[in-house]
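Structures for review follow.
After this come two complexes, each holding subunit A, first together with subunit B and then together with subunit C.
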Partner chain A sequence: MTTISDPSVGTTNQSFRLAMLLNDTRYRSLTFQFIALVAIIAFMAFVGGNLVRNLAEAGLNISYKFLGEPAGYDINQRPIEYDSQSSHGRAAIVGLLNTLIVAVLACITATVIGVVAGVLRLSNNWLVSKIMSFYVEIFRNVPVLIWILIIFSIMINALPGPREFKGDTPSASMILFDTVAVTNRGVFVPSPEFSNSFASTEEVPVTSTGMDWLLILAALVLSWIVATRVSQWASKTQEETGIRPKTWHMRLAIWAVPLAGVLLFLGLTWNIPELKGFNFKGGLQIRGSLLALWFALAIYTGAFIAENVRAGIMAISKGQTEAAGALGLRPNLIMSLVVLPQALRVIIPPLISQYLNITKNSSLAIAVGYMDVTGTLGGITLLQTGRAIETILLLMLFYLTVSLLISAVMNVFNNRMKLKER
Partner chain B sequence: MTKKDVSFVRHDTIPPSPPPASETGLVKWMRQNLFAGWFNTALTVLAIYFIVKFCLFAFPWFYNGVWDAGSIKECREILKAAGKQTGACFAVLVDRWDHLLFGFKYPADQYWRPTLAFVLMLVAAAPALFYMYVPRKFLLFTALYPFIGFWLVWGGSLWVPLTILVAIIATAYVFRAVEQLQVGPRQVLAGIVGLVAGVGLAYLLYLGAKELWFISGSMGSGGVLSMLFGLLFKAASIFMFVFFIPMGIFVGYAIYSDAEDGGLVTVVTALFAIYVMLAYLLGPISGAINSVIPIELEAVPSRDMGGYMLCLILGSVCVSLSIPLGIVLALGRQSDMPLIKGVCVVFIEFVRGVPLITLLFVANVMLAYFMPPQSNFDLILRVIIMITMFSAAYIAEVIRGGLAALPKGQYEAADSLGLNYTQATRLIILPQALKISIPGIVNVAVGLFKDTTLVSVISMFDIVGMIRGPIQQSTDWISIYWEVYLFAALVFFIVCYSISQYSQWLERQLATDHG
Partner chain C sequence: MKKTVILGALTVAGLAAGAAAAATLDDVKARGKLNCGVTTGVPGFAEPDANGVWQGFDVAVCRAVAAAVLGDSTAVEFVPTTGKTRFTALASGEIDMLARNTTWTFSRDVDLKFEFTGVNYYDGQGFMIPAELGVSSASELDGATVCIQTGTTTELNLADFFRSNNISYEPVPIETGAEAVQQYNAGACDVYTTDASALAAQRANFEDPSAHVIMPEIISKEPLGPLVRHGDHEWGDIVRWTLNALITAEELGVNSANLAELSGGSNNPEINRLLGTEGDLGAMLGLDAEWAKRAIGVAGNYGEVFAKNIGEDTPIGLARGLNAQWTDGGLIYSPPFR
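What follows is the complex of A and B.
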């Protein structure tokens, strides 16, 4: 194939011929793109035409009006108000929040498990490092769906039912000073309640505690700002005088006093679960489906994060460890002050994709009946309304948005952590 | 001078005394690795405590396992009669062995076929996996395996896969023959082929334009959005309508004018040959031969596949299809052409941003809307398409990493040798980039194989689907879970662990650099 790349050779005395569109590198990419464009349009036309015909045949149309219609099904875990008369749209939002709840819980737990396992895998202790590599290999090489189902089955079958807490000599008892009940219907934990809540007026009894939580959050943010100031002041003093003032009692007070004040003001009481009839009442019920999904995702992804952490630590050259040792640092200080901060740069990018994986894998909730967005919008709503295209598109849009958001946030963080080169 | 006066002088060195008992052998190893410092000792004691506790729990359960019973009730009675506290019911594995491996619909007298296909797959994989030990000519069997495997698993007439094979080989011969033609005949051929291709393409474009016209007509009344779409479609259809004839003329002319020195005519002729053979000759010929010499296995429809076999089929088919697709996507993403690059980026990011389950939902309920009416696509085929797309996007990202990791000098060196894009990519870039990408590709493959269990969510009966459906819901084995799930975990562990060990071994083999 003759290729003319140098324009000074070709253009002066050669007029444009049709074949040059194909043989001349200057025009060839344009030709290819044109063909690709036509092919894409033709493909779209084919798919779209089929869609229109199929919809017409089935007597359907594309419409999102069903989102406003009453859903008519119940959801057992409701972060916001919802009943069976609420709309499909609200059911989707409940599911969406449930997805975010399990994803956040699993991300935090998986990070803790992963970092601990990754560090311990490099431990000098032969037994511990062997146990950790055993854990990593076992969990990485078996599908997460099987882990979810195993843990869910254990929750259902091996834990005691509420009935076994009854009687004079019960075969099961509550743990942690009779405040937490672990049953096969989920784990019942005490839930905080506010007797002076903002929302509890005469007309409206305590239904929404959103304002109270906002107040607590505000107190925490305030404490955090003051605490940062204090540690900045301590660093400044250290630079000037060489002696770091002791600030732990100040920081303790900064964190504890406002929080305690706010809680006292709100009148915090704990609602402790109690056995009434055949089930526990009161407190917060964490269902087996949420626990199974949460633990399985955390343990499974934790094994992957452990490998990332190990790789990150191994990537730090041995000279760093030795230099820190020569300065007289103890092994745990070497790890926390010298190795881990540098290893974080290597660890964070794969960590981002693990968080993305957790969010995407949380859609496996459908296998244990946890009502996440795949269970509500992509499950029952789809079955009830028959609007497959609309629901699945919305579902994909949601996951796509979450994925892009997570990677955007993490990329910003990643850029700030990056090695500052001069 | 008597010897007495001289003080004692030793003439030879004392043999070194053995190190103290605490500094040798097992004791030293234990001191260093298990009991170095109080923290380490505490960790060791804790670890031993948990191991012992686990063994005390798991070992009797495993050891007391009942292997011969008809139902979970019978199993518990046997355990009770023997006075055992705990014990596993492995009898379910014996009782439902076939179901776990092949699903509950695959004809029982045909189990030898998937088994043989599996064994042959190992044989076929060996020349590719251990190419440094196995002679190259065995790769021929690897190339033939897809046809053998397909025939063994799905059954039907032997002549169907055989004629497809013959068609492919014949196409290769057509390609070679056209390549070696003299210029004169080649120009004649290019004229004919160019005419047919041009007319064909123009006709396809005409169909596309008609389709767009139809869509824009049916958009009907509605909001601003539908009007906008209607206008867009109308514009596109006019565009296609106007352009289809010039496009056809151009393609025909390009093929003709390329005849003297280009490869276009060979490629297009070969494509024609395979299209004609597959579309018009395949059915009649294989049917005719089959009616004369019937060599048939009992045909098994796709929906009867199940059990671990289904996972293996999906895993192997989708991985092998998604590697070429992933390479194309990765090259497209690296391309200078903005349109091609854009399409690849959107595809990759979209697929990577959504969970596999939503794609399986698409395969299950949505894909049918995009197919021509009355076309009946197999569910397993739709699932294979979606899983292949899914893993291709991930593999494309891995390969892109490999392409980016190549030093720029490699690209420049290929250019300076005068290689064109195809040659440079095939001979210089891809071999190196793929070598770098092997660990990543293997990771994707292992992940994909594990993800095949997700098809149980859209009510296909893979091994997890079999456990959750026919086994746990049968009266005999109601709500049995440890034994069956551990078995499923074990079979996945064996395959995934061996693949990852192989990849590590291959990495060491391919390490051609020093150090």
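What follows is the complex of A and C.
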């Protein structure tokens, strides 16, 4: 295009004329982009202005003051401290954290399921590959909301209620040496507690605080740094001498000793759930609503990821596998060293979309009463304050930010995995 | 107004309330149908029967308004709404009125900009629990898991009640009454709480109603009544006075048995004004003279509607209690027709 357009490029210093904005291909596209931009901005301003005017006419005005007022309602799953006297803003944050919790859990699980199912679907074993295609077709062809409801109603109807653990001859009992209770209200597991917690004082005994976990994290990071050093040293030795020194016992010690030390210092004990009154008390309750939402999102999206994985693997030409085989690599090494690293380049971009889908689909949470950000801010807060526009705008902002963050992180990962051309 | 309509759709639907404000009466007449918001199903209050015809105590209010305005009690489009969708449906103009056991509160009236046109049931929030748990008072509920409907006053009362009694609970938020009952019956929650009338209504549908007790404590005031949008006072008046007509009819002894006879004229001037044989109250409302007669003609007066749908002879078995006429020591009281 550019070559035929303007013979005078770079020769004479022809002065700029206004008509060139349209006639000169060097400027024309810029001109149109500019016009489109102005039109979009004008349209947005018009829509926004209209919204504000109509709201004013209806006697409503945009105000976020409600975020500071007491919410008045309770939330069952609270990753941070919250009670009914906390503000609507805090309720929104609790909801946001709950959204992130289920999204992260579901993304990880969906990836594991997807990779396994995708690889197995290509298996030479007829039965295995048919079972996997059955899984994929069943799960991706039924709406995720239905899966959420199915899993949830199976859980509440098939699992025993806490009442059934009661009495002399209970019809249900705890599993794993009486430490875990599986009920229709969720799964109760032992939770760690620290008898020497940082936040604990003589008067107020506290069993865990952010500082404790930070210390544990610090120990793990330290172990990780040392462990990478050790494997670097091992690689170097291997290059120099041809023999790779055995390091597994070193690495085991590097990971275990600091962690054990920190836990001992904090005085780790386990809080085991126990049936008290209406319900199990103590330990960590993984609620039925979280489980249902988590598994439904994971198996549903897992089916899509399985297809992405299969596509990625099939994109690698068979010649590669054969060549690797000719070099004497065993099948699982061919998969992990030759095929998957290349397939990842095809798999990751659609995987980003799947992660975004999980995050957005998690807003179906209210179907099972999981209090995500759509349930708190976009649900109860919206209803109790009537601030629909404000809450919906905030919700959009939340989801947009989370989605963009996921995209950004995954794009960084994608760039590292990309074929580095020399 | 044109662009308001188009762009209103672009903004969050349902908030261009100003656009839909005026002249609901004209809209209803032009449409030939009243759009009335009801519950998604609470026995005795609003539920489709075996033939798909909506029946119930709240439904009767919709039908009375339709009869008064359109002369046809079946010219009603019932729109099922949940605790979450009801206010948006009303504010957006999707429905002309809401009759869905909705509590009259300050913020709904003032901040959400609705106009409550009276109270058709004075209620309060109660708790229901399986009898086998052996709990007799709400103060023994420490640690219980409680099913609640989101977007209701119930949710807020509950938080206040447990907080002020210094006991803990685990809320299970649920969207519709039917789902709440399902979870309660599956044992996913120990306690179900909502308006006491709705508890009785839903319990009546259980396999074994006697296996569940409604606790004596009533923890809130829940005056339930029909409501319309702020701003259209003429329409608000019609809904308000239709309900008042049913109430006044009971007070004055007008019922479905003697309605035809009394509308030929009687020696009680207030009955005559109510039934349109004297004065022109109907014209003041923008309706004809027989509007109230038609409204009462649908299913009788307030007392008859109560007895037929939720009264002591029905499976729901609610006593009149606070909902008796003021002359019988209750709170049901209509301003005079004059």
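Note that the second predicted complex is superposed on the first by the 362 of 422 C-alpha atoms of A that agree within 3 Å, B and C clash if a C-alpha of one lies under 4 Å from a C-alpha of the other, contacts with A are read in each partner's own complex, and residues count from 1 in each chain.
Everything below uses one rule, namely that contacts are C-beta pairs under 8 Å (C-beta built on N, C-alpha and C of every residue); 3 or more make two chains touch, one makes a residue touch a chain.
The structure displayed is predicted, hence computed values, not measured ones.
Measured by the number of subunit A residues touched, the leading partner among subunit B and subunit C is B.
Legend: residue contacts after superposition of the two complexes on their common chain; A:N50 is shown touching both subunit B and subunit C.
When the two complexes are overlaid on their common chain A, residue A:L364 makes contact with subunit B while staying clear of subunit C. By the touch criterion defined above, A:V115 reaches neither subunit B nor subunit C. By the document's definition of touching, of the two partners only subunit B reaches A:P143; subunit C does not. Legend: residue contacts after superposition of the two complexes on their common chain; A:A91 is shown touching neither subunit B nor subunit C. Shared-chain residue A:C107: touches no atom of subunit B or subunit C.
In the overlay built on the shared chain, the residue A:G288 is in contact with subunit C alone; subunit B does not reach it.
By the touch criterion defined above, A:N124 reaches subunit B but does not reach subunit C. In the overlay built on the shared chain, the residue A:A181 is in contact with neither subunit B nor subunit C.
Residues 46-47, 50-51, 54-55, 57, 157, 366-367, 388-389, 392 of subunit A lie at the contact with subunit B in one complex and at the contact with subunit C in the other.
On subunit B, the positions that touch subunit A within their shared complex are 32-34, 36, 40, 43-44, 47-48, 51, 204-205, 207-209, 211-212, 214-215, 218, 233, 236-237, 239-240, 243, 247, 250, 253-254, 257-258, 261-264, 336-340, 343, 349-350, 352-358, 361-362, 365-366, 368-373, 420, 446, 450-451, 453-454, 456-457, 464, 467-468, 479, 481-482, 485-486, 488-489, 492-493, 496-497, 500. Of all residues in subunit A, those touching subunit C in their complex are 46-47, 50-51, 54-55, 57-60, 72-76, 83-85, 156-157, 161, 163, 184-185, 276-279, 281, 288-289, 366-367, 369, 371, 375, 379-380, 383-386, 388-389, 392. The residues of subunit C lying in touch with subunit A in their complex are 3-4, 7-8, 10-12, 14-19, 21, 83-84, 87-88, 107, 111-113, 133, 141-145, 150-151, 155-156, 158-160, 162-163, 169-175, 183, 186-190. Note for the complex: subunit A touches subunit B at residues 1-3, 18-19, 21-23, 29, 32-33, 36-38, 40-42, 45-57, 123-128, 131, 137-138, 140-147, 149-150, 153-154, 157, 360-361, 363-364, 366-367, 374, 378, 382, 388-389, 392, 395-396, 399-400, 403-404.
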